[in-house]
Amino acid sequence: MKNIRVGIIGATGYTALEVARLLQSHSGATVVAATSRTHAGEALSAVHPSLSGRCDVTIESFSPERFAEHCDVAMCCLPHGASAATVQQLVQHGVRVIDFSADFRLSDVDIYHQWYDVQHPWPERIGATAYGMPEFFADDIRNADIVANPGCYSTSAILPLAPLLQAELIETDDIIIDSKSGVSGAGRSAKLGTLYCETNETISAYSVGCHRHQPEIDDIVFRVSGKSIKSLFTPHLTPMDRGILSTIYVRPKSGSVEDIMACWQDRFADSAFIQPVDHLPATKHVAGTNYVQMTARASDSRVILVCAIDNLGKGASGAAIQNLNVMFGLEETTGLI
Amino acid sequence: MKNIRVGIIGATGYTALEVARLLQSHSGATVVAATSRTHAGEALSAVHPSLSGRCDVTIESFSPERFAEHCDVAMCCLPHGASAATVQQLVQHGVRVIDFSADFRLSDVDIYHQWYDVQHPWPERIGATAYGMPEFFADDIRNADIVANPGCYSTSAILPLAPLLQAELIETDDIIIDSKSGVSGAGRSAKLGTLYCETNETISAYSVGCHRHQPEIDDIVFRVSGKSIKSLFTPHLTPMDRGILSTIYVRPKSGSVEDIMACWQDRFADSAFIQPVDHLPATKHVAGTNYVQMTARASDSRVILVCAIDNLGKGASGAAIQNLNVMFGLEETTGLI
Amino acid sequence: MKNIRVGIIGATGYTALEVARLLQSHSGATVVAATSRTHAGEALSAVHPSLSGRCDVTIESFSPERFAEHCDVAMCCLPHGASAATVQQLVQHGVRVIDFSADFRLSDVDIYHQWYDVQHPWPERIGATAYGMPEFFADDIRNADIVANPGCYSTSAILPLAPLLQAELIETDDIIIDSKSGVSGAGRSAKLGTLYCETNETISAYSVGCHRHQPEIDDIVFRVSGKSIKSLFTPHLTPMDRGILSTIYVRPKSGSVEDIMACWQDRFADSAFIQPVDHLPATKHVAGTNYVQMTARASDSRVILVCAIDNLGKGASGAAIQNLNVMFGLEETTGLI
Amino acid sequence: MKNIRVGIIGATGYTALEVARLLQSHSGATVVAATSRTHAGEALSAVHPSLSGRCDVTIESFSPERFAEHCDVAMCCLPHGASAATVQQLVQHGVRVIDFSADFRLSDVDIYHQWYDVQHPWPERIGATAYGMPEFFADDIRNADIVANPGCYSTSAILPLAPLLQAELIETDDIIIDSKSGVSGAGRSAKLGTLYCETNETISAYSVGCHRHQPEIDDIVFRVSGKSIKSLFTPHLTPMDRGILSTIYVRPKSGSVEDIMACWQDRFADSAFIQPVDHLPATKHVAGTNYVQMTARASDSRVILVCAIDNLGKGASGAAIQNLNVMFGLEETTGLI
């Protein structure tokens, strides 16, 4: 019986579409509302023709009152800055929220202001919001009013790194994260840089040394492991729809690649989606799923960690469904396997 | 010696970039000016980083006087409607123009108004402008003040069809043209429909029964062959940067596939770029070039013609260079082989 | 409870992988065996790393006895010619079979021999086997020992055409089917023609006038509608993993585009997967699903039908699961929505 | 006048095709012969349909005598191991050779044997062969009988690194090279791993810590700069035809990013193809060319170098033409701009 009523805010983007797609086969939750400033009155399936005949919701303008009446939980797919105020309204109206933006992910309001360059409307909740990674924060998520859904790149780095740092298997300094993402991570607004002919048949680095997921990685790794790191993170735009591959160069502190694999296996023994694997993972191995494949390889002075996720899956909408399951006491894997 | 001075109007798009790219290795012409309403003052290579160090032009605002002073020929890459008035100014200032828009391609102003839905500022020149397909109109082009550069889809249909109709090898009715184009044909403005994630990993038909190249095909085929046809043209957006493949279903009137191949070989014997081939052409066989590969296959009641071009090559900028060569008395293949 | 035990024969290809992927979330069937001549002894997830941790089957050599013991149904993913003998063995051992090959699709053994160029080992069953399209043959499928799973291209043509022919809305002659398929349709064996650099950034026609799905289309359309047609079918290889778009040019006999849409809506009212839509369908709208989107557009003398499927979904493995559901009395949509 | 006669050995691959393509517009050299073990007797344009009508050579079996008679230079596109013996024969018959394999690139025969796992037939020439990077070894190349054409990945790392090491701007230890290559780098033989559906829509690392270009990088960097480094090199297979992007993490020794840019500008002042640029280069910016774009960005403790080449251009066939130009006293840029 589909009894959890989900509303999607900012329903025109790819993460919203993926939420709607995933919930079609979810046995305990269903999409009952969707909002957009620009498409109110249209069918959601007119904006996303792949939902034709599969999701009958009509897009409406956002109203916290209406959400309070009709929805048990809101998936808020607004951009950072715009999201926080909406999340605040929803919470004040008693609606639980899974927030896809970065507005409630960090621990420190100063770091938020420094990296996001907008004034936060509800700074009290920075550092006081559940981070939506059930592998590490399931207890926080269970009773949360707001869950800050993790950043896509952050997910691909935090999951392999945090357990190894906590177990003191790797050094805290000089961690280099070289990430490659599919284009859907850039969103669904009409921009020159993500036109087909600009991104097809080419790869490039961007935001070198200044991407906003870097402080998020350092922050959450600290929360999980108690270790301060200073990572160097370089994202690359890769000609594919979906997927993030992070190649992470760390310095081993003690032990071997086998110890690293064992640490992951132990730490993630009860995590249905985290797969330490022997092969070198490709993003296609996890495309369309909530799975994470990770492995380690030794070199002379370094260990190379390779982690593959789907940026729209475990990197966004899959994680959101997983969080929803935890928040509402369902089996964590419901609708995701 | 590079003595023909070329100015590009509307220099931010893909056809303009391809003109600049092709002229780098052209022995008789060079880009000396480039205009854009939105990027005046910037280096052309800032807009198109692939031109870094290879083309030193600074983008300026359009001025017909300045063009008259500095340019022998203008490549006008503006959209239809906007182009005609600019072309008129250039011609009045004594600058010869190769016009990439549809504004001077058709023979009949009523058909123009019907299909393009804008009032033409210089209707006298409709039906009185050289159509830039040197394979059929070289004499017109040689002394033209304006050359109407052909539409990309039109090129892929007119070249194979016109000689066969003229030779009465195929029937004039029920010609079905099913065309597949790369995404660069849709231009370089930021639109949702040509975002990477909207066009990658998918193929779709568009403008079914109402694409503007259909009247152009019928018109030019008539000019070449003297035969009135009524084609049915369906374009498809294909996940690749470049290339058009047209699969054309015709009804044979007399003779065989061999006669069709012979007709082409005869008609295009002196055309350096037209290649009747035995194999089934793929767009990649002509990508980046001005070549056209075409072949024919028999079926029970139909003959299937297959024609491959590069929409930015023979379908746009390559053809423009070829026209420039003809206009200025150079070898037709200069800079194109 | 997952009680239908499925064995996959020829488990290294893309259709087999898609069967395994789809059955992961199927509530009534599970993969219990997989065979391959070349990979016996390996884990299925070693051949398909996307199955890591999700499907624990070890590949074995084929034995009809073992299948009879352990499997309720076999998904036979062998190529035509090789498949028929294996299917025969399975049936003789009491295992029901869904056959992905063309070996049991046609009605006439002579046509099979003419088009497939191999001697059929069990000709008695040609014309006496259920064709696996539940939209038209559900009763045959329900109790079938063998279900001939339809060809991918055939599916995209038969579904829109058959009802219109039966209702006498379109003429039987001069039906032109121009189809565009993703590369997975060509299989997973190492061939030059399907290397990445051979098929990326290019589109081409192949098997023009001689593709084996043409007689299948004509045959099944006749079985459904009682009308003899002679279609002209041209397949194209398109640079994408999945999807078939068929653009079908028909001649209207009576009535309008609206009548065509109404005919489909009526005929497919109880078919969960068939979606007559107003928009022009793109293959991405149905990628990864068992859905079929189809629409119609008028032109002067023709009507253009456009149909989109996923060649691995409704074109192969999705249809196979749907057939399995019908064969075993499950809800037709189980595991597919 | 095209007077340098070029023979291509192993003409069925992508590097051979690119040589033939580039030489079409070369004013001083022309392809006169092509060999292949498997396609002797066929037209080269039958193997590569994009050469139809543009290159009339018939493929033959290899004969050093015939090459000595008809060719001034051989482009040897054979794989490592197979190449050395053929090169030896050619040299003994007086034919100058540009060797695309790794057989003559390294300085130390033991390192060759260790990494390439074949016995070298002509070890005397290891360490005694010109390395085909005219930016550093033009004098060696000018009179060479053999030029060892550089590895594609190696090119993208050596060019930015060597000058900085020589100028002591960066530390020699802990250099991390994270490279992303298009699929053409894997060659044109039919292998499962480079099928379209295996490499499309996915990115993965391979040969982590054990790719053969790593010792080549270290070796040549030492030859240029006199500095011993120990790089850590990770290649990634990226879903695009062409291009390599190398993101290189170095530790600055003295000076700033500006010093690095100035060092490159100074060192490559006379190198027509090397472009230190301010923007972050994308592989598309250099696709189809012999250009190299490189830039540098500062981070806390590291400097990030980003270098883009076309693996078939400066990474293989473009470099080969450049070497040919140097060997035969032509302008270095002939046929490449």
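In order of appearance the chains are A, B, C and D, and numbering begins at 1 in each one.
Everything that follows uses one rule, which is that contacts are C-beta pairs under 8 Å (C-beta built on N, C-alpha and C of every residue); 3 or more make two chains touch, one makes a residue touch a chain.
Remember, predicted model here, so these are calculated numbers, not experimental data.
K.L.:
When I count C-beta pairs in contact, which pair ends up with more: A-C or B-C?
P.N.:
B-C
K.L.:
Measuring between Cα centroids, which chain is at the maximum distance from chain A?
P.N.:
B
K.L.:
When the C-alpha atoms of chain A and chain C are each averaged to a single point, how far apart are the two points in Å?
P.N.:
36
K.L.:
How many Å are there between the centre of chain B and the centre of chain C, using C-alpha atoms for each centre?
P.N.:
About 40 Å separates the centre of chain B from that of chain C.
K.L.:
Find every residue in chain C that makes contact with two or more other chains and list them.
P.N.:
Those would be 200-201, 239-241, 281-282, 284-285, 287.
K.L.:
Note which residues of chain B are touching chain D in the complex, please.
P.N.:
Touching chain D: residues 24-25, 46, 49-50, 52-54, 201, 275, 277, 279, 281-282, 284-289, 291, 293, 337 of chain B.
K.L.:
Where on chain C does chain B make contact in their complex?
P.N.:
Residues 174, 176, 178, 180, 182, 200-206, 208-209, 230, 232, 234, 236, 238-243, 245, 247, 249, 280-285, 287, 297-302, 304, 306, 308 of chain C touch chain B in their complex.
K.L.:
Going by the contact rule set out above, which residues of chain D touch chain C in the complex?
P.N.:
Per the stated touch rule, the residues are 14, 183-184, 188-192, 194-201, 239-241.
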